[in-house]
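Below are the structure tokens for one structure; questions will follow.
Here the chain labels run A, B, C and D in written order, and each chain numbers its own residues starting at 1.
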Amino acid sequence: MERVNRLRVREYGIIIGEYCIGPKNSISDVKGVKVGHYTLIRGEGKLVPGHGPVRTGVTVIFPNDNIYRNKVIAAYHVINGFGKPIGLLQVGELGLLESPIGLTNTLNIGIVADALIEYTIRSNSDIDVYTFNPVVLECNDSYLNDIQGRHVRHNHVFKAIENLSNEVVEGSVGAGTGMVSFGFKGGIGTSSRKLSGKLGGYTVGVLVLTNFGYMKDLRINGVPVGLELRKFFRKDIEKNDGSVIVIVATDAPLNSRQLRRLAKRACNGISRVGGISSHGSGEFVLAFSTRNTVSYNDIVLFDETILNDAYLSPLFRAVIEATEEAVLNSLFKSETMKGRDNHIVYGIPIDKVLEILDSHGLVR
Amino acid sequence: MERVNRLRVREYGIIIGEYCIGPKNSISDVKGVKVGHYTLIRGEGKLVPGHGPVRTGVTVIFPNDNIYRNKVIAAYHVINGFGKPIGLLQVGELGLLESPIGLTNTLNIGIVADALIEYTIRSNSDIDVYTFNPVVLECNDSYLNDIQGRHVRHNHVFKAIENLSNEVVEGSVGAGTGMVSFGFKGGIGTSSRKLSGKLGGYTVGVLVLTNFGYMKDLRINGVPVGLELRKFFRKDIEKNDGSVIVIVATDAPLNSRQLRRLAKRACNGISRVGGISSHGSGEFVLAFSTRNTVSYNDIVLFDETILNDAYLSPLFRAVIEATEEAVLNSLFKSETMKGRDNHIVYGIPIDKVLEILDSHGLVR
Amino acid sequence: MERVNRLRVREYGIIIGEYCIGPKNSISDVKGVKVGHYTLIRGEGKLVPGHGPVRTGVTVIFPNDNIYRNKVIAAYHVINGFGKPIGLLQVGELGLLESPIGLTNTLNIGIVADALIEYTIRSNSDIDVYTFNPVVLECNDSYLNDIQGRHVRHNHVFKAIENLSNEVVEGSVGAGTGMVSFGFKGGIGTSSRKLSGKLGGYTVGVLVLTNFGYMKDLRINGVPVGLELRKFFRKDIEKNDGSVIVIVATDAPLNSRQLRRLAKRACNGISRVGGISSHGSGEFVLAFSTRNTVSYNDIVLFDETILNDAYLSPLFRAVIEATEEAVLNSLFKSETMKGRDNHIVYGIPIDKVLEILDSHGLVR
Amino acid sequence: MERVNRLRVREYGIIIGEYCIGPKNSISDVKGVKVGHYTLIRGEGKLVPGHGPVRTGVTVIFPNDNIYRNKVIAAYHVINGFGKPIGLLQVGELGLLESPIGLTNTLNIGIVADALIEYTIRSNSDIDVYTFNPVVLECNDSYLNDIQGRHVRHNHVFKAIENLSNEVVEGSVGAGTGMVSFGFKGGIGTSSRKLSGKLGGYTVGVLVLTNFGYMKDLRINGVPVGLELRKFFRKDIEKNDGSVIVIVATDAPLNSRQLRRLAKRACNGISRVGGISSHGSGEFVLAFSTRNTVSYNDIVLFDETILNDAYLSPLFRAVIEATEEAVLNSLFKSETMKGRDNHIVYGIPIDKVLEILDSHGLVR
């Protein structure tokens, strides 16, 4: 029933939005951005808290090679604050990100934060790292994973960092390993948009960790795919109340106020695929620009080039389109997974989806 | 080419979302809520600033018959803060609305605020109104209207109040008179949802003032209607950068923190019809509950019944659906209008829209 | 009993803080900033709502000569949101101030906003002002003034603008005419700080409209002056719950995020003189920088020089000191006033205050 | 030179503010609130990162005996967001605190968060804790402590919990072990206020972790004690940029919006002792009410009693006074400490302070 090779939505001719994608259609199209995963899949059958089965992992996003030294301008937005992010308030106050971004499961945030602290101390041993603001975001993978076990350990974070690459692997990998979205298997997805030269030529990349949405609400390019799929799938997984994390990267010359405006548009993208930001869905957005890095202890005055706000709308649209497509990629790239207590979450049935889309004459 | 009678979307068999509507499918389904308009249409031809042509008006929403005495719990949310609302910060601090809500054009906010002050003093002459927080929201109707003329005067506000009714007139009336949305004539729209008894039986009503959106982005129930309509209409109106105001009313027992959560979901509804919250689009949401009114100078302790947040998601969905439908109603009910400098904004061509929808097999 | 000439605190040898003042010890030490007042004092005796007695006015602050064309970077902070400011939300979203700042009484905000709209249209008749964000802040002068009368009319605002000067008049003038602070006559006060060259050489100017505070809480340089003064004055004026508006100007090269950080420090200054930000005290801060003006419709990219946040603390201290001193100046410069219903509010008794200070050996 | 027994400020006759204190003058005067510390002091001499010397610890505050089951209404406020708190955003969204509050050093936040997760899972083994929002706040003790070592481990947190008591130990204990405030040894302080029956009879308790302030700015009851003390102490410690955490507890019936208003008043208290909220000083406030506990998965509707906002000012004043006194207690109760690299931070010289206060005739 399942495809051997699950492709990204665009490879099936499903085109989201009007803007061009970047070369990799990935957050790594923003130069310097790299992503690394470490995936933990261990054990089967009945849940024994602390002992598995394990379906979880960690994902790290690096805006550049040494973010502690070359801090980037950043901002965050809370769509729905039922979640446990670490580090966002300082990002808001200073407009700076100085940490790799860690993604993991809800109960593993403490360990991953500590691992990022350790990593930052070690990789900057020539300077005295006496303060550091680790950034970790999370979704809840407890439907498939022994979440109480906090199975992501320090060395898994370090291995994820070793795995850093500008080739971003999607689907049930890293932090996405145990996630559920729209009743199907969710996880990591990414997408990008490259503005035309006339609009500034900037790149916007988005990476999502999807664990949100009710099957009945899923829309692809507006087609109510979820309503039709629901006839074939049982309902109970939909109880899982979810969460979604959206990371927005750009090379546009923006300050933190403007990045916050970009971050807010992730909500529009999430809504287009059918998200309702339900009570229990922790939805957080972190946006950064790789332009204008800051080594903030060095100099008194910066010279910054900043885009006029009047030219932001294309960047807003790019965020919306890339968020929408990244969510769909996370679904398309995630295979069926069986987890704790033999809970099964199916990969979205691509053939069936394509059939539905064709029947509405909307794509390809 | 235009229909003599423009009906609401639902009357054409277009069903938005899954929940039931209230008896009037209107914000006035929330008991006690009334809406009044005053419309100004005067003059034709070339703009003479201060002298017309005039295509504007004012709309007032009353949560109850004397909101100054019976303040309601309220909250606001800023989707995109390029706008000139009055009164929201105090609503946020105190969680209370003590003013009728006035809607008008951008440059008329001062006069409408002053008129609401005068009205409140007059209608409470037995008590000393020495402080009062008027609430006014706006969109920019300058494409059709001599906006510099600030043609809405005090007596127009009072007349709108005289026109208060629980039968809400939609389309190019009141504050909606000169608005443009998705390249078509926008204005006032409303819709409601009534939750089942199992979900609490609460009513959510939404009223929108629409002046936002690019034609190409318009979606109805997911169908990219705007993309197809665009073939028939010229582009220039799309420059108009818009704004949208969303008023959310409910009888659910919510505190201001919870109402803010509801208010945030208007963004999801706006996104579903294709809004991208562009740079220049002032998008503000004001939500109130008619339960638990407060005469705050009287008593020391209130006994309030408050809904557990875990039961909010159906109310979120109701806000989303009602916002989406209210926007569509504002379009369907607005006729073609010619304004200043002979600018013409067409009413959305309903027959054409229905044809497009039928061709996608999505409605009716 | 009262001094013929009321001087500013510093002229009595009362030195607040450690930093140097600017040449005028005024907000106008920030180059380009001007302030104008129009004062309305009419009638005596019993209040006849709408007919007086009148003890009110309007104050305008211009960051430069044409703020609509040369917008300045700005930010706001809400210490306590029980107040009716106009225009702050857009300032927050765009980080720009495009309006003269109007100060007036609570119920006059609508008229003053409309007057600023009219002024801006008129003074920019060569460009099409179809959108504009007027900024008005207020305190409540109803203890002395017929506030329901909204006696500040359009022409008074225009006259205040004619009165613009870099010589800032303090005390019971303009918007300060009818204000009460710490049980004494409050009103307009200003002060400035000039950082040493080593700290950047920047100037910070503060202007306050004071209408807050309980007599018992008043401290001058830490000395509990209010507690001692209270023995001589009756209590009832203290019921007046107040408000205070703080305008912070600087020539330091700051973005809006940083200006918001400065704005937050006004709370520290207010606290030092004894403010407790009581429930009914609307306390709002608006901060702007005259550096980096923006004519935002013109160009795509700005080159900005921005101060590193690590060097902000001296500016914070400057805001705190200047706020504290500006509040004291507003008290020292305000003479006794009799208003509606023969309410009398005494000017702070300077000789007595000096005597108390001397007895503590803290000043001069 | 140092006193054998350091007492609390009030025991020296220094009375802060006008309100009565609670029986213990402690956050534990709010019924049910308990505090536990674990202190780590190990090694001497030169810093060997990861190996000491260790001058740090952890403090836990329990609003009640099982906060996960009996969540309390809560809110937070950011005075200055240069800090690394965990858990505040969810507190803001839901208005609920479901975690013991952990205090520790900046780089130990991850481990302490993980320990609170483990503790919560273990102590609720009969229910499935699959989601949990740990709350941890921090200050930076790197002047005295080998902060990179993250010497606070899981078992130290558990021991702090074992040490829970309503007798709150102050000074250089727990998280306060290595802190510096106003150039002197800082740490943990607490104080409370009990409103008269006429004002509702409510109790407000405050606990602070102090690591902020410049010596020259220290004021006690307004007296510029710091300026005079500075003559006797060298300056370099003042470089330490600080931070302060304020925990506000009350039994008043408040919702989260109101608690946020209380939280904001901590800034007034901090300012009174001379705080300027400098750039690097992370200043965060967390406020909770023990009234109206919420077991939020159980019931659909709550009946809550809520205080009218018009009666909040006495609670504001209580927060301000208790914050001011708690800060002073943290100084008075902290003895001289020698830490890493033989850095010495002196306990504030109480006899000298009393002498200065006496010379101003302000206390006792």
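Odds and ends about this structure:
Quick note on the criterion: a contact is a pair of C-beta atoms (placed from the backbone, for glycine too) under 8 Å apart; a residue touches a chain by one contact, two chains touch by 3 or more.
Since we're looking at a predicted model, the values are computed, not measured.
Within the contact network of the assembly, the step distance from chain B to chain C comes to 1.
Taking the CA centroid of chain B as reference, the farthest chain centroid is that of D. Mean C-alpha positions place chain A and chain C at a centre distance of 46 Å. Centre-to-centre, using mean CA coordinates, chain A is 34 Å away from chain B.
For chain D, the set of residues that touch two or more other chains comprises 80, 93-94, 261, 309-311. The touching residues of chain B, counted against chain D in their complex, run 93-95, 200, 253, 255-257, 261, 294, 296-297, 299-311. Within the complex, the chain A residues that touch chain D are 49, 78, 80-90, 92-94, 106-107, 109-118, 121, 129-134, 140, 142, 147-148, 150, 282, 284.
The residues of chain C lying in touch with chain D in their complex are 18, 79-80, 216, 219, 221-224, 261, 264-265, 267-272, 275-280, 309-313, 316-317, 320, 359-362.
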